[in-house]
Every structure is written in structure tokens, then in C-alpha cells.
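Consider the two complexes below, in which chain A is the common component and chain B and chain C are the respective partners.
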Partner chain A sequence: MRVIKLTALWCPSCIIMNKIFDDINKEYNFEVISYDYDFDNDEVSKYNIGKILPVFIFLKDNKEVLRIIGEKDKQEFINLIKEV
Partner chain B sequence: MKKTLTIILLLILVLVPSDTFAKNINLYLFYGKECPHCEKEIKFLDTYLKDNDELTLYKYEVWHDSENKDIMNKSKKLLNQETDSVPYLVIGKEAIIGFRENVTENKIKKIISFYQENNYCDVLGEELGIVDSNENCDEYENNTFNIPFIGEVGAKDISLPLIAMIIGFVDGFNPCAMWVLLFLITMLFGMKDKKKMWILGLTFLVSSALIYLLFMVSWLNLAILTSRVVLIRVLIGMFALVFGTINIYKYLKSKNEKDVGCEVTNDTKRKKIMTRIKRIVKEDYDLAILGIIVLAVMVNAIELLCSLGLPLMFTQILSLNNLSTAKYAFNIFIYILFFMIDDIIIFIIAMKTLEIKAISNKYAKYSHLIGGIIMFFIGILMIFKPEWLMLNF
Partner chain C sequence: MIYFDYSATTKTDERVLKRFNEINEKYFFNPNSSYNEALKSKEIIIDATNTLASFFNVNPTEVIYTSGASEANNTAIKGLAFNTNKKHIITTKLEHSSVVSTMNYLQSLGYKIDFVNLKDGRVDFDSLKLLINEDTFLVSVCAVDSEMGIRQPIEEIGELLKNYEDIYFHSDITQAVGKVNIDLTNVDLASFSGHKIFGFKGIGALIKKDYVKLIPLIHGGKSTTIYRSGTPQTELIDSLKTSIDLIGQDIDKNYQYVASLKDRLIGGLKKYQNIKINSNKYSIPNILNISILGYNSNSIQRYLASKNIFVSTKTACALNDDYSLVINYIYDDLERASSSIRISLSYKTTIEEVDEFLSILDGMLNESN
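Now for the complex of A and B:
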């Protein structure tokens, strides 16, 4: 599964979620593509992400299967992944 | 002639210091001959009495003189005291037990000055036949606390800084300007010069604090200037009620939000500031420092409206308390210190560990709730009970 990670350098929630996601990914080994909200405008605009950061988009065979928005605690994040 | 005499008399009354007509006050000191604290208190009282003729000191040695001990026991009964400790000083209806330099001296002076200005009665003097029967006398209200290593402080001296800490801390959780610090830290990480990182970061924090100080001093001056205008006070109280209600509403709204995170607003303004920061960190020392100061002024001016309510309320409370300039400055300093404390902690951790930490946006909603409640109650008090905000317990 591939994960598109959309964050911003100035965003406290992104800083918190980066750490949580890195921890989780040690176990899951997703292929991660990171985009910055302010510096990767073209890529970010493709995903129609709304007004809340961070956004994690999970793709299976290039099709979106899960979108996690905002701050979640570690267990909540894992539970959401497990659902797919 | 009669008129002239009246004018002279009135002039004398106005011009002669009130001390000239000070009341005679008796002080009764019970002490032990070998007691070192008693020695200190006697030394203080002897010196103090030299400059205050209206005061009379009666000394009773109680460790070797049983008659004096009986007098002390009488006094204890009269004043509902149970102690056997010395020095034991009685002034009016007050007993001061023990002696601590600076603390006890101040207390003695305060009680004397209280009785000079209020109805004084010498309960022990009456019992001992030193004075005639007493008239109604006022109760000395002790609005002070003893704090270890600091000494005696007034209730107001504690409560105002405490209010400054709480409101400043809640105000500091307002995340409006936090994003600039986080972005700046990220940009500083790209530098190899650690000294420059510290200097630029600290310059930003200190400049931000100074700008906030400037805002608060302006609010305070305005508050002092208008403190006697009831209508303005009521208007500010109403503003606090509205602002408080909006904040509580924001909390209630955010309570049910599924996704809590960073809200992306005003891309143009943010990108402008980010470009500026990127340029600043590449500059030489002098230009970089200057750039950071300008940035701090700019950001805090832009975000001023975001954090207007609480500092405005706090300066109103300060103005109602009619303090000295030093005390105004001290309380504002405490407010700003606690307002900045989360920024300072985040910056120091980042510089020490080269890893950025952030405070969860989940707490922002609680800052709205607590800030809203504080503003709401201050608003009500400002309109209906402003004297409660004067903290005269």
C-alpha cells in the first residue's frame, strides 16, 4: 500500500502526526510519498484536501482506500488502517 | 480678626502633617532576658520609638519575674492567645508573637499606622489601669501572608501575579502566532552555525515579548485614563461578555468536530511571511537580526486581534487596583512570561535536541473554553461588581 502524506512545516498537528506515523510505519512499511502544503502546490492540488492538515491518503492499486485527516492518537490511527 | 484667625487655623490644619496630631499608642512587650529574638525586637522598638514620641513602650521580663508572667497571662486571656512564646508584643487588640527581621518590623509599623488612622483601644492598658475605659475600637484586618524566604506579602501582592500567571498562560495557548515560531525553528535547523540559531530564535522571542509589552502598556494607560468613566468600564465589560461567549461557542463547536488539526487559512499572508523568514535566515548576522525584529513586529501586529480579549481584561483589572508603576510593571512582566512560556519551552527543546516538538491543536479548544469563561466572568464583574476586581479581601 502507498501513503500520500500531506503536511506543512508550520503546523503543530503535522509535527505530532509525523512522529506517530513514522512509529507506525516501522511496522507496516508503507511506501510513503510526502508533500508539503506550501512548497508542492501542484501535487497538493491534485488531492482536494480541504482545510485541515495533516492528511494521510492510503492508496491500493492507485485507488484511494482510506483518508485520515488531522490529529489522531496512535491506536486510533492503527485501528483505521486495520479497517482496510 | 475672627476671619483671619479662622483662615490661619484652617491653613494650619491643611499644612501641618497629620503626624503632628498622632494618637498616643501603648505597646506592651513581654520578653525573656536571655532570648535573642527578644533582644532584636527590643533594639528595633527602642530605635523606632525615638522617632515616634506618641508611642510608649512597656516592657515585662517574664522568664524571671512571676508578676510579669501573670500580666502576660492576663493579656493572653484578653486577646484569646494560647502561646507561651516570647517576644510577645501587644498593640491595641493585636498580639504579635515572635520576631523575624523585616517581617515583624513591618507588621508592627502597619498595626501602629492602622490604629493611628482608626479607632484605637488599649485593652491591656485598661486592664492594668494605665488608661481609662476604652471607646469602640476597630479590628485590624491582616491582609497579609508570610511566605518562607520572601517574608510578609499582602493578599493583593499574591493574587494579582497569580491572576497574571493564569490569564497569561491561557492566552499563550492561543495558537495564532505559534506557526511562525515553528516555521522559523525549522528554517534555523538548516543552519550550521548553532550560535546564530540561538541568537535569531531568542531575538524573535524577545522582540515578540517586547511588542506584547508595548501593547499591554498602551492598554493599561488607556485603562488608567478611563478608569473613572463608568460608561467605558461597562462597555469593556460588555465587550468581555461578547468575546467570552464567542470563545465558549467556539469550544462547543470544536467539541463535535471529528478532525482536529491545523486549519489552513489565508495562504497569501502565510506565504509572504514564510518567504521573508527564508530570506532572513540566509542573511548575515546584522541583517538577519534586524529582519527577525521586523518579522516579530509584523507577526504580532497582524495577530493582535487574535489575542485581544484577555490582555485587555487583565490591564483593566490592573487599573482598577491602582498600583505603583513598579507593581504594574511586575504584573505585566509575569503575564508576558507565562504568555511566552510555551514558546520558550518549544524553542529551547528544539535547540537542544534539534528535534521540533509541538503542542497539540487538541488543546486549543480548551484554551477557548477557559479563556471564554474567564472573560465572561470578568465582564460580569466589571459591569456589576467592579469592587470585587479590586481584590480587597
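Now for the complex of A and C:
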């Protein structure tokens, strides 16, 4: 699975979720493509994101299968991944 | 116009402007040059620095001039981070974006960032103690946050951190300067800007205690300190002194006056069941954050602006201006977070402006009914 990670520098929740996601990804080894909301505007605009950052978009065969938005604790995040 | 956005910026005071022009006229010379006129320019800077140092009760050598609080925050946090082998920083979710963004950047370089829990919007000391570890080199907590106006116990936080070796305490004091008395005894580094205290945009300072070593962000030629290069901005540095002179003399009196305005505002808002006061007992009088349930923050701001009243909506981690993560974080209430506005007052605000605001807000609420 591939993960598109959308964050912004000014976002405290992004700092928290970067850390949680990096921890989780040590086990899952997802291919991660990171975009910054301000620096990668063109790319970010393709993903129709809502009000809140960060956004993690999980792609299987290039199709979105899961979208995790905002702050989640580690177990909650893992549970959501396990569902797909 | 009713300007209720003093925490965003202030209009430069006429006395600051007048003095700026006088200094520019007489002392525009490069203070690093060696002829008499230039030396006078240097004396202006020395005099301004002495005034600032005296105001903050620090040594003149502990004042580093910057372009504003954002640069001061960056200089303090990156400057310390790049000067240590330790990798752990503790901060809060209430910080200005120049602190949060710097933390995020440092995280990308391998630093570990933790957010301390808050209790009633203030730093929870138990949480802080639990987060501190051998790798911690910095705790950064604003003296007053810009959204809720909550005053953090920076004196007590600094006192606690004295028990730990090699942990520095940085505080962004931008929203506190001139509004409340600040004791920097236990604070190692403090940042602020001129434009929040009726001075100019483009000037601020980092107070850095002499014993703190850091790597400068801007390398270059000789300036007022070794920690920030660039030709010393005599006129702007002097303007910071004028601002401090003006605002620093009546802090207690102004505090009481602004508190009376805030009480009047809250009194006038009490009759509306759908208005919630977000600022709490720890908030400074200058900032009143409210939610008007049933209304979107943006639409409230637009309505008031159409009546020539200017307030703020503040956001963090929200991509539209209509959602406040800070309010949601503090109150765990999405509706409240989506309908919040920040009213920020100053000692220049009048009772008539407060009453006019209440009357226009009443019109808005009746109109939609």
C-alpha cells in the first residue's frame, strides 16, 4: 500500500501524527509520499481535503481505500489500517 | 472604525512615528562607522538597549534585536537546537505558528517534539515533569497565547526547570509585553515584537541570558550582538524603546481599565444563551474569545467588518478560517470551535466602542432571528 501524507508546518497535530505514523510505519513499511500544504499546493489540491490536517490517504492499486484525518492515538490509527 | 484586533497588530503610535522621523533625520548614519555622527547613532542604540534591559530587568548584553517575534522565536529554538547533541523539546499546542513551524522543521531533522498537557488551558505540571527526560534541552511555552489569551505560569515553569541541568526555558512573550508585568528571572530566552505594542512591524527582540549559548541564524558583519548580523537599525531599535517607554509606564492602570472594558463586554453578552465565553479566568483582559453558536466564525467576522468592526478568527490545523482547533482542543466542542471569534482590546479602546460593538452584535443576532 502507498500512503499520501498531507501536512503543514504550522500544524501541531501534524507533529504529533508524524511521530505516531513513523512509529507505525516501522512495522508496515508503507511507501510514503509526503506533501506540504503550503509548499506543494498543486499536488495537495488534487486530494480534495477538508478542513483538518494532517490527512493520510491510503492507496491500494492506486485507488483510495482509507483516509485518516486529524489526530488519532496509535492504537486507533492501527485499527483503522487493519480494517483495510 | 472599531478596531478590536489589537492582538493581531497595533497602529503605530504617533509619538513613536514622530520620534522615528527625528532619529532618521539626525542619526541615519551607520552606527558601525567611526565618525562622530555615526557614534551618536550608536549612542542612540546603547540608550535604547539600556532602557529595554532595565524594563525586562536583564543585562544590556542580553538584548538581541531581530526583525520581530518570528525571527526571535526561530533564533532561540533553532539556535539552541543546533548547539546541542540533545534532541528533545517540549512545547504547547497554544504556540504561535513561528514556534510550531520551527518545531515541525526540527522534527524533520530528527528532533523529538512533545506537547505538554494543559489543565484549564494552562501547563499541567505533572504532565511536564513526566515528559522531561535526559534528552530534553528546551521547553518553550508562550507567556500568553494569542487565541484564548491565557496567561501561563512562566515564573513557576522556569522555577521547576531550574531543577534540571541543561534544560533551557524559552517563552514567546509577545502577547504579554505591556499588558501584564513579566518576570524573566527564571526565563532563559524570551521573544517579542514591536508592532504589538504600538511600534513598528519589522523590529523585535530576543532576550537571551548571557549564559545561554546559541548558533546565530543570520551570519554576517558586526551588529549590536554576535547573535544576529545586519546593519543595526538605529531608528527601529529606538522606536522599540519609545514603545516600551509609552506602554511600560502604566501597565497596572491599563490592566484595570481594560479589565473593566472586558467585564462590560461580558456583561453585555450574558443575555444571549447562544454566546459562550471561551476565554477563562486565566485569560488576560485584552483578549476575549467567544463563540456565537449557530453562526460560523467567518460569517460573524464578515458581518462585523461590514459594520466597520474588526475582530479575528484564529485557526490552527484548520484549512478554512472557520474552525479553531485550539477551542476544540480546550473545550472538545466542534460547534463552539466553528463559531469562535477573538475580540482583542487595548488601553486605547473606549467604553463607547464597547457599547457600539454590543449594539451592532445585537443587531446581527436580531436580524437573523
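The rule is simple: the second predicted complex is superposed on the first by the 84 of 84 C-alpha atoms of A that agree within 3 Å, B and C clash if a C-alpha of one lies under 4 Å from a C-alpha of the other, contacts with A are read in each partner's own complex, and residues count from 1 in each chain.
As a working rule, contacts are C-beta pairs under 8 Å (C-beta built on N, C-alpha and C of every residue); 3 or more make two chains touch, one makes a residue touch a chain.
All of these numbers come straight from a predicted model, not from anything done at the bench.
Under the clash rule set out above, the superposition-derived model of chain A with chain B and chain C contains a clash between the two partners. Of the two partner chains placed by superposition, chain B and chain C are both touched by A:9.
When the two structures are aligned on the shared chain, A:69 is found in touch with chain B, with no touch to chain C. When the two complexes are overlaid on their common chain A, residue A:53 makes contact with chain B and with chain C alike. When the two complexes are laid over each other on chain A, chain A has residues 8-16, 37, 51-53, 70 in contact with both chain B and chain C.
Put simply, chain B touches chain A in their complex at residues 175, 178-180, 182-183, 186, 258-265, 270-271, 274, 356-362. Only residues 93, 95, 97, 100-101, 103-105, 107, 112-113, 115, 316-320, 322-323, 325 of chain C touch chain A when the two sit together in their complex.
Interface residues of chain A facing chain B in the complex, by the touch rule stated above, are 8-16, 37-38, 51-54, 69-71. Of all residues in chain A, only 7-16, 18-19, 37, 49-53, 70 touch chain C in the complex they form.
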